[in-house]
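So, here come the structures, one by one.
Consider the two complexes below, in which chain A is the common component and chain B and chain C are the respective partners.
Our next item is the complex of A and B:
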């Protein structure tokens, strides 16, 4: 009895072992096949589709309404779907676009834009000055809750209207005089104003479409745009398809279709590129090791960006309420470590204004000086880091960011003897946390919206919606205001330089760390991809095919 | 065997964990070898935890030797910040092993108690408790771990509790099934007839007979916990840098798979070895602890 049941269970056991072994073999085989397929499987297929550009967007854009969007993913799509009054040339000057010409009147306080008369929306209706008036008023309307509303604060009454102090939108300095003339009155001259008319948030908008479809007006079946491409398909979390717009005033673009895939994982996207399933990739699809492997490839290019990374303090939280502590931290970080660990040609930075812009001076910021840093920390009451509370440093969960904050943590431990606790959060959670109640330290970055120091310096004024440091100073705000209205380029640069010194040498609510670069790889059959320091990617001049 | 002959005990042949278990384990070379591998890794982890540095470098000591491959100076190379990978793996062992063993321990205590109560009493209590397990099972592990992580904050304790709480259900079901089966056996009836208390029956008769399958199941819990920890760390609820575990080392390293394969190779080698060893050990213990195969041999 016992024996027979034993034999039976032995049999069953044997079968089980066999099945398990087989399963493991299968798994190993599957792995092997998948690895092989990554490298070798699709060589037989055609390597590209003529006239079709395939790119990686990285993530699903949070929204295509350019009044409420704040992120570069959304702007990457919008800047190919829409054009504004002006548009950037490759060397970042503003060229005519919807406006064929403009006049600057009243010492720079009044702008008169003359619109072309051959402009068409994708549904055939003409683009008029009224569309601009509606869009600009909508951006400033408090009900829209646009974070970028501050962009137009130089317009007469805009600040009061946006903050709710003024209810009547007709008092704004925004007016369509006739269908082809758009007038803007500013409360003070602003040297950078013309740049604003090339940026996404100032693009025109169709009142009837927005009001009819509400939140769903940016879905492809409802969306009405005026740019080189039109949105024809949006498969959420998978891909977007942008087709050439035959009605575009400047002639339709050379590619007939742009496929924007949403592949969040950099290594997956990179594998797709290697496998000829993407024609163009940038930082979103690159990990540092990939850069190293392909640095010498003719397909690889590296561009400096006007994007500054910085370490910010919440100055309302101890121990960073003390400027001495903030200065000590700023002087204890050897910035040369960042390009060495990131290895993508980053440039160390000590000042907030980047070298390419007016107002930059190499001496504006605090230099690396561990001895002086320790002295400052001792003066603040923490000799050798003793008694220093364990401060949190928040960062968004991304590999390259993790490396930089780990390097920062190491520098501070080595040079000041203080311990920093690193906390990471998913990107959207991180943004919300920093906005609501920023931890004592956080890592952030800011990309220029237009090529002027104002886009950087404005960030730390009292009223800026993106100033999360809780730091502000009347003197700083005065300097910025004066610089905004100053028309003499030299005096203006000097005002910004003074503000920069205040920000990076005296008050130190932030520690600039390095300037980022854009790394791209383009397949040989793609021509005409240009990257500018603002990191705007326009696909209208791109050609695919014709080897 | 004769020495264990005791009126209150079940027949000696079914009493597990006696000498013959080790003897039997010795006869299964893979399991025996796996046992020593695990012992060695645990020893290294323990020494590192007690502060005996086994490597010339500290786990968070940076250098300018970025991403160096294996060399005589750095046996397993260095990472992006120039930290010695071997030192980090040794440091990471303590957390990975601690998590594996603690999770198994939590699963053992909660699962066994829960399953024992359910299986011993049966009836309505059983139904009620088992529906509880069903509900706990139906909640996605990751969701539960995130919730606990948010409640308890970051750090090792949170990870340990989170992983423990999602891994006891299997053990509970197993113990209940064993108890339901065993409680109708004749030796339990005999114990009841003797007037032994419920606790006595559970701990002296039922549990020892069910212990074999439980231990085997637990050895499979250990590797899965080691792997789950890396998930938690990846979504930001686990360790905060520069602390590391094998899981975080592997998840950081796999991006460099092609350019710097040593960053992924060595951490995964250790995870692989540990997981494999626990699996072999579990397999071996299953054979060694199975009362039926043993009974067969002794009867022969």
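Our next item is the complex of A and C:
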């Protein structure tokens, strides 16, 4: 009796000792953490740091060399570190930047840019026309292997040099006449050319820096730039820090530091925003339910973008070799379904040129008409969808894209009675598949590189590397070529309109579906965030703090 | 003991050689190459890239080139992150994972072992049920659920801790707890089973019959002996925990090296795959050496065997 009660109390004592030990350990740890973070703790109490902007890039930029970068993450960073000859304003006109003025000579075939003389690189050296000449020649050099080299193909001999047919770079129509005068000669007039001088790929570059540091010239310790910010820290796969550049010719930006985090998981990024650890988030940090929760918040804003989504056919694969079938599909999709399921203010589209650009007409494309669609399908030999082979629709693996292709599948089943098989692939695999051997249908999107219909219409010319539909027509290519060289704005818009009709009403290698939007949330202490339709984010006018 | 450590170090060389060679062969057997999924590059550029990274040479030659570089401590270059070497990438990422992992592991041991001991001593009682419920929960609930719950409670609702990122010591708390959950639960179960087995031994009965108090019986005779299996699993567990976790790093946006175990393979980033594998192998060897040393301290019989 006594023995067993002893054992029991012994047990209790043991448990008590163990539990006490455990408690002490935890307490000690907690104490340690609190002591360590005393400084951080006081900082964490304030909801923001005045003059510091915290944003989410989503992923590590593949590279900051603006000749080899092709993705929007890299361009978001570069557009805050660098400026070119001209600069976009938020309403998409080209304003003077490094060039204080320019002359258009020889009927639009020669441009003379006059550079400001107070331009400085971050290491104090002046920015000269030679830096532009070097940069443009490097972009076109085949050894650079720049995907965006085609941007300058209108420059004399640029295409031949870039494709290796011409070896001598001196024959290019690119020349620094003196340190402050940069001359560009074009092989034909190109109305949109001035826009290219505001785009990242045309920014100047320092020959000595690039050659001295090779692949590592964009690391913070080597990087030399000329824009409102300079790169001061790059913790790969985690964060970049951009500090205000005191030497920037237009005066230093209003924030002293921009912290760009790379948070891949949208729900984490959104939670960081909710917890005041990010000041500004955009689509990269949103999931559809988050938009629903915050739609009525004054912090939420929605901006239309020049980014068009489309369904493309590989016209060399049956049954889409028949234009009747392609038209039937185009007319069987009710585009109003997309804003209903994505709920971010998407605008349905039936034409390839977006409403904001010249050449747009509401009647260019085929409208939703299920009765006519069924008639066309019957005419093509598949009445009521009978005998229609099960066709694959390939899409990149992303939640919002999955929703749109599922809606498309549903529309086609209901309105045409045809079965579509959805296949998804990881983004890179998807790109490779579409380029090598595109399936009968695939979902794609295109964001404007500059605010001109050319950026959209050029995509479906024969020689465009991004035309994966296998469709091309000499007539279409002629229309585009004529529009490119046309200097009369009205005639030019009309040429693009004709090409748009051909693309979306007659040949139908693609079915435009909707135009995307940018959704952002901004904390009340941040002023001056604006999104332009090209989805470029400039932080030089942003203020953090104040009242 | 010094002899044991020396022996281990010498043995490590052939082991690492085998690991490197096997991985080298395996990554090349897997279909697809580093430049496949990328942009649609012209064949000349692919040829240039292959030449740059010596991938155009016969595989045996690549192998000896690789071993030569490895002998000099050069783990090679990453094909995905064009400007960076594997040494760069790992020396950035490993310290982060090491910090996080060490804290997590300490937490796991401090919670798991006492919890298991309590459960065993109170076998079948309320304390046991609670402890085992907790540990079953810890093992079966995946990291991303634990992470999301902790973020919701402590960051969003209570606003006492940061949601993620790697900025101050405060930022370590939630990921460390998330990462500690499953090893703590595992250690608790292991300790419980082991203690229960030892309790039945003759010498425990002898100790009790000598009139030793419950406390000294448990701490000096039972716990010490039952720690052997715990220490055994701690070796590999240490290597796993301090090389990082893909899930925890992803949800808390932490720049550790756990992600590279997955992404390097997805990108067919050969040298990075080999680099992460070798770092893991080295850690495993080091941790197991520690385990052997710990055996000798815990169990005098092992000293004789050596």
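As a working rule, the second predicted complex is superposed on the first by the 503 of 547 C-alpha atoms of A that agree within 3 Å, B and C clash if a C-alpha of one lies under 4 Å from a C-alpha of the other, contacts with A are read in each partner's own complex, and residues count from 1 in each chain.
Keep in mind that, in the parts below, contacts are C-beta pairs under 8 Å (C-beta built on N, C-alpha and C of every residue); 3 or more make two chains touch, one makes a residue touch a chain.
Here the structure is a predicted model, which means the values were calculated and not measured.
Q: Identify the partner contact of A:275: answer first if only chain B is touched, second if only chain C is, both if each is, neither if none is.
A: It touches chain C, and chain B stays clear.
Q: Under the stated touch criterion, which partner chain does A:292 make contact with: chain B (first), chain C (second), both, or neither?
A: After superposition on chain A, A:292 lies in contact with chain B alone.
Q: Contacts for A:402 in the overlay, against chain B (first) and chain C (second): which applies, first, second, both or neither?
A: First partner only, chain B.
Q: Who does A:341 touch here: chain B (first), chain C (second), both, or neither?
A: So A:341 only meets chain B here.
Q: Using the superposition on chain A described above, determine whether A:421 touches chain B (first), chain C (second), both, or neither.
A: first
Q: Where does A:432 make contact in the superposed view: on chain B (first), on chain C (second), on both, or on neither?
A: Only chain C is touched by A:432; chain B is not.
Q: Which of the two, chain B or chain C, is in touch with more residues of chain A?
A: After superposing on chain A, more of chain A is contacted by C.
Q: A:63 contacts which: chain B (first), chain C (second), both, neither?
A: In the superposition, A:63 touches chain C alone.
Q: Pick out the shared contact residues on chain A: the ones touching chain B in one complex and chain C in the other.
A: The answer is residues 267, 426 of chain A.
Q: If you look only at chain C, which of its residues touch chain A in the complex?
A: Against chain A, the touching part of chain C is residues 36-41, 45, 48, 81-84, 88-89, 92-93, 106-107, 110-111, 114-115, 117-118, 121-122, 127, 148, 151, 155-156, 159, 162-170, 172-173, 213-215, 218, 250-255, 259, 266.
Q: Give the list of chain A residues in touch with chain B in this complex.
A: For chain A paired with chain B, touching residues are 2-3, 5-6, 9, 266-267, 287-290, 292-293, 340-341, 397, 399, 402-403, 405-407, 409-410, 413-414, 421-426.
Q: Please give the residue numbers of chain A that touch chain C in the complex, ascending.
A: For this pair, the touching residues of chain A are 7, 10-11, 13-15, 17-19, 21-22, 25-26, 29, 33, 36-37, 39-41, 43-44, 60, 62-63, 70, 145, 147, 215-216, 218-219, 235-239, 261-265, 267-269, 271-272, 274-275, 277, 426, 428-429, 431-432, 435-436, 465.
Q: For a test of understanding, state which residues of chain B touch chain A in their complex under the given definition.
A: Checking each residue of chain B against chain A gives 60, 62, 64, 66, 80-81, 154, 235-236, 240-242, 252, 254-260, 292-293, 295-296, 299.
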